[in-house]
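Shared between the two complexes below is chain A, which pairs with chain B and chain C, respectively.
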Partner chain A sequence: MLEKLFVAPSKCTPQIDFDPESRILAVEGSSYPENTFVFYAPMMEWVKAYFGQESEQKTIVNLEIIYFNSSSSKLLFDFFDALEEASSSHDIEINWIFDARNEVAMEAGEDFTEDFSHLNINLVEKQ
Partner chain B sequence: MEQKKLIDEVEALRESFDSTTSQIIKDLRRQEKIMVRSDQRQQREYDELQLQLDEIKRLNKEIEDTQREVLLTVGGIGETRSKETFNHVRRVAEYSKLLALKMGMGIEEANLLKDASPMHDIGKVGIPDSILNKPGKLTEAEFEVMKHHALLGYEMFNKSERPLLKAAAIIAYEHHEKYDGSGYPRGLVGEEIHIYGRITSIADVFDALGSKRCYKEAWSDPEVFSLLREQSGSHFDPKLVDIFFDCNAEFLAIREAYKDE
Partner chain C sequence: MDLKALHSFVKRDGIVFLTYGGFLSQTLISGMTEALEKEAQYNELGMGLSNNIFTIFIELSQNMMKYTSEHQRMSESSEGLIIVGKESDNSYYVISQNIISKSDAVSMNDRLKEVVELDKDALKKKYRELRRSGRDRHYKGAGIGFYEIAKRSDSVEYDFIDLDENTSFFTFKASVGQKVKGDIKC
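Let's look at the complex of A and B:
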């Protein structure tokens, strides 16, 4: 069984809380790490291993990114690519959570639903 | 047979080429999109920051203006209690700034001195009217009480961390010190007296001598000038007396601009 992945948040990096037992993968906070791809490498590896295991059960992905730089934006696209690939053999539901006042996060959510039409993405507006 | 194998291989190549190129195209489009979004966002953030910066500048100015106005008003209270005019305060402020600039101080510090100098006599609010407004000469005991206004003014502002109020404390405390050490309250000598104190001292005396007070008539210019010359190095810092005479026209212009009605 894959171990839980937890990364505590910092000023410029989000909290990552991926739990294989509850099958909830959550990223929450700001994302402008000094080296985005190095920071997210463990997360991307974890996701690959996680979806490498077969399962009938649904996986929920909760993304609540308050602020992100351009390379984090690229990273998110890569992340959605991985989810899209996995979605052919897994049941995945994605919640893109954003504050109603955060236009940038809202637009990013719209971009993702547009680009990944095969994925089940909910745009969840927090009041 | 060979031919068929070759065709299959080329077909496979084409498929792989197709999938690679479409992946590249997808990536390029994505990069483009990220860049456009990022530019839009940067612009928005920049605009927002500029707005906030303007607001901060406005608030900062508001704070400074308020401080200045309060000080000028409070200074005016000190002066009117002793039947001096509000314009005396303004003139002393302007003379002080002019002297500061001519001494080589930067404009910011000169303005600080200008804004703080109205406080020089604020301690007089703690001196009884009977002494403050007494016509004629004070007795020795009365003069001792009167001298106390320097310390009173200092104590009012000394606890503040604000540069403006710190300067006001120094001015209130030291504007009656004399260059030769014969002043009060501490009898400081020469450059032991803070430059703010030395400047306000000559600015205050120059203006007071030329104005009518409860205990004296206004002096004529030649009388005032001869006293300042006489007191150079004893009451006043000689450098400041030199500046006063070198730039005499500028001082007289200030006096004219803020003359009593």
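Let's look at the complex of A and C:
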């Protein structure tokens, strides 16, 4: 059984809380590390291993990224790409959560929804 | 050191933030981001405008770290400067200056030439295309930082000055304004 992945947040990196038991994968906070791809490598590997296991149960992905730099934007794109690939054999629901005043986060969510039309992405406005 | 002169030019140019040095650590960036957040709160900047200033600042600082560190391998002297300031019309500017290698200058110049020519919609399209293809991805980033900056700016200017046969002095300025919502009628 895959172990839970938990990474505590820092000023420039979000909290990552991926729980294989509840099947909730949550990323919350800002993301602008200098070495984005190195920082997220364990998360991307975990996701690969997680969806490598068969399951009929639903997985919920909660993304609440307040601010992100351009390399994190690319990383998120790759993450969505991995989810889209997994979605052919897994039931995945994604919540893109944003503050109503944060237009950039809202637009980013809309762009991802267009780029990944096969994914089930909900744009969730936080009040 | 002429502290009075320092004070007067900081005041004259509406400087909110200034950093100079060869090396910008992630800790320093985080600290400066926090101070920019305070400036944003104090001057009641909208979330959109302060977010744009942070974005430009962070992309430019991280660019600088990347190119400065490559430059450091060739020479001992590496200098970088970032200024965040406020114009008299209440718009903000972010300027970065650093020494880069001639080969980086050539490739950056090509990219920037394209960036300044594209309008907002074309920039967004190009940004998403490059993000999808990963064409300009390098070991530290996605190669889309300047597109991100231009998307968030009202205008960008840049300049390369050759220092010798191997190095160039790179200056970049992005301006972002306060968006006035609706016409004011009296």
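Just so we're on the same page, the second predicted complex is superposed on the first by the 127 of 127 C-alpha atoms of A that agree within 3 Å, B and C clash if a C-alpha of one lies under 4 Å from a C-alpha of the other, contacts with A are read in each partner's own complex, and residues count from 1 in each chain.
In this section, contacts are C-beta pairs under 8 Å (C-beta built on N, C-alpha and C of every residue); 3 or more make two chains touch, one makes a residue touch a chain.
All of these numbers come straight from a predicted model, not from anything done at the bench.
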Exercise for review: Determine, for the superposed arrangement built on chain A, whether chain B and chain C clash or fit.
Suggested key: clash
Check your understanding: Does chain B (first) or chain C (second) touch A:8, or do both, or does neither?
Key -> neither
Review point. Should A:115 be classified as contacting the first partner (chain B), the second (chain C), both, or neither?
Key: both
Point to revise | Which superposed partner A:101 touches (first chain B, second chain C, both, neither) | key: second
Practice item. May I ask you to decide whether A:32 touches chain B, chain C, both, or neither, giving the answer as first, second, both or neither? Key: second
Exercise for review: Please work out whether A:41 is in contact with chain B alone, chain C alone, both, or neither, and reply first, second, both or neither.
Suggested key: neither
Practice item. Between chain B and chain C, pick out the one touching the greater number of residues of chain A. Key: C
Exercise for review: Applying the touch criterion given at the start, work out whether A:49 contacts chain B, chain C, both or neither, answering first, second, both or neither.
Suggested key: neither
Review point. After superposition on chain A, which segment of chain B among 5-13, 41-49, 77-85 or 113-121 overlaps with chain C?
Key: 41-49
Point to revise | Set of chain A residues, in rising order, touched by both chain B and chain C | key: 69-70, 73-74, 77, 103-104, 111, 115
Review point. Taking the complex as given, what residues does chain A use to touch chain B?
Key: 69-70, 73-74, 77, 103-104, 107-108, 111, 115
Study note, to complete from the structure: Given the complex, residues on chain A that touch chain C span 11-12, 32-37, 67, 69-71, 73-74, 77, 99, 101-104, 111, 115
Check your understanding: What residues of chain C sit close enough to touch chain A in their complex?
Key -> 26, 29-30, 33-34, 47-48, 51-52, 54-55, 58-59, 62, 65, 128, 131-132, 134, 137, 139-142, 144-145, 147-148
Point to revise | chain B residues within the chain A interface of the complex | key: 30-31, 33-35, 37-38, 41, 44
